[in-house]
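One structure is given below, encoded as structure tokens.
Lettered A, B, C and D in written order, each chain numbered from 1.
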């Protein structure tokens, strides 16, 4: 089932430790198939070195296991909520506790856009979402985490394709993209930008974000109608 | 003697440089066998690349060598005190000078619980124990280090299974677990959380610890009666 | 065409990820042939592991492709401007978003010369150039980036051979040298000095730059008429 | 000539990049033979991967080349001064620009002894020596660097065996030991302690050095008459 997607999601999962974003099993990647409304996700608590395309788990949009012998990631309901809301545009999701970005999440601060490294992929700040309430945490915690993301983006009028990731307060990172490898890529971008943003503020405590027209230029030269970065 | 435990403790020792927690010989792991009241520990000052399961040293709970040609770790009496007090629950102990956690120990500060990365393994702050007195240091120094841990946990009414590690003021890190590999795992958790905690405070000097109900949720989903993380 | 230069520029490009200066495709190196007024540059958005000497792109000083099937780096016009102005002395150019140096660029601060590590290669501060105007960014952006460098060096009366690199505000790093490998080397120097400069200021907020006579001594013993460092 | 010493010094030099203390050729190690009053040292500006035991250079205590086709390290006169003064006790010297320790040197601050990691090898602070004067820098610069170390240790009444390294203001690190491998070991210790000391101060700006009796205990258990660390 979903052989090709399994291969892709396997690679996206392996990219996380390769890029130094996860320690032990502290991360997971999934990929969504809009035709079947199913997604493939890492099993819970399984070491990356024991991961194979075939031991990934297939789930439906309610987070039920459709294929697989192992329990899916405990964060599965968060992935499901994101695909339910944005599955027409977003077909890959990644969760990590990567060190620098998680430090911003723990600090409860959005990462300001201080330069083109961030603007090449994020059209502005990387937002830190609101805290979950006690009721949300004691209820359907992982699904509520997804709701906080989707509702927050709607309230702030943010397009998930132009802001492909966010921080979960006191927790960690979610990123996404048009496929799981792009979601993993954006998780790397977030980590690099998080690290540089702290150092930027330490070098110059009065620093201001990059001017909007520079953000426009860089985001557009990669993602706009007349994009000219890369080979197509 | 204790062949299987030797294998396990060997792996736990090797995990320390593999995870970047030790430089040269600045760390050691041990594992306890509650049936014989003996533990297996790294020999003192031996390079990790020269370590084998068979050159580990077997000691009794008074720290006497029962089997082995080499001197056991100079920290052996600390391990012995921990097993004497908690050996019914704790069967692995690790000591390191890992960089970020040791910086907190040198600063004399407990590591606040700023997020779920810590709450997944530590049910609250990672405590920095009180300084040893001059008399304790000039006396049975390494045993007194163990006493400071055991007495400190008793005074603060902390359960060593839910707070599986602590900082030794001006010195370094001790961690533990139900076996030596879990103790090494907790040493990695401490190092990651120590690093993120400093950066969290640098990003937001007014930051508060994570709310207790979030700590409850994460600790319980991994370790509680109804735990649902992982494969069992 | 330019077989030997292709080999050299290939190696300079590969040196960037090897030294930890680039993530994904966030960097590029080029080399200039003053006889033909052509330069060889990395193709845009191509992964370093897919790079070969033969898929590099040959461009003229107006940034037109003279040989190659791939699009050249989107930063090609910046390289072209630098060779046009300084091609008699500068035959290698490198661009990166290396983490520490880019943090200084984002902070809008020149890197003070705090010691001999910097003075061995940079005869003074590593300058952060002025911001590009909105008009410049919305116009021939990449060429204007080159103009800001060349004009800035002229205004400050800086010799590009003795200050072989600079920071682009809110963006990243350009470095150069008598060939592309030297340009890559200088990019490494900038990253190391950027990291140490922040830590130096954190250790001592009142620190002053190194005295001019120490800078003179170190720069001269490597690059002066009576240089005595190295084997010739 | 001095075959065995060449082997040892070769290994000490290789240890420097292996432990992440040097970038490119920014470091060197030497070893002294007290019988012949000669020392073996790295050639100047030669890449570590091109180093062999046989291309090391043999010098006398005036820094003259006695054997070897290559120029010795430009820092050779500093090594010579140290052996001249302390060659009865010190038979290995290392120079690096390692990142964290050099940041302290650039900041002009001694590294306080905040814990046992430092006290295990340094009996107190790691001193930052006074700045060289303009006359010293413009004169026999490298020999004067050695004089600043030797004279500074005499003035402060420091024993080079119990404080096996120091910082050179606005420059970098010198360390030493009873042989070249021990000198390299102490360079690693300095880098680790420099990193932790900054983080310690960042975690707790009011931190005080470790109590003297703890420093005594740790230094003595490794180096004192009744030392009990290690295998003999």
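Worth pointing out:
Here is the rule we use: contacts are C-beta pairs under 8 Å (C-beta built on N, C-alpha and C of every residue); 3 or more make two chains touch, one makes a residue touch a chain.
No experiment lies behind these values; they were computed from the predicted model shown.
Ranked by distance of CA centroids from subunit D, the top chain is A.
Residue numbering shows that subunit A and subunit B use the same positions for less than half of their mutual interface.
Superposing the C-alpha atoms of subunit B onto those of subunit D requires a rotation of 90 degrees, given to the nearest 5. Centroid to centroid, with C-alpha atoms defining each point, subunit A and subunit C lie 33 Å apart. Mean C-alpha positions place subunit B and subunit C at a centre distance of 46 Å. The residues of subunit A that reach two or more other chains are 201-202, listed in rising order. Within the complex formed with subunit C, the subunit A residues making contact are 114-117, 185, 188, 192, 195-197, 199-204, 207, 210-211, 213-214, 217, 221, 228-231. Listing the residues of subunit C that touch subunit A in their complex gives 23-24, 26, 43-46, 70-71, 74, 97, 99-100, 102-109, 131-132, 134, 137-138, 141, 170-172, 198, 201-202.
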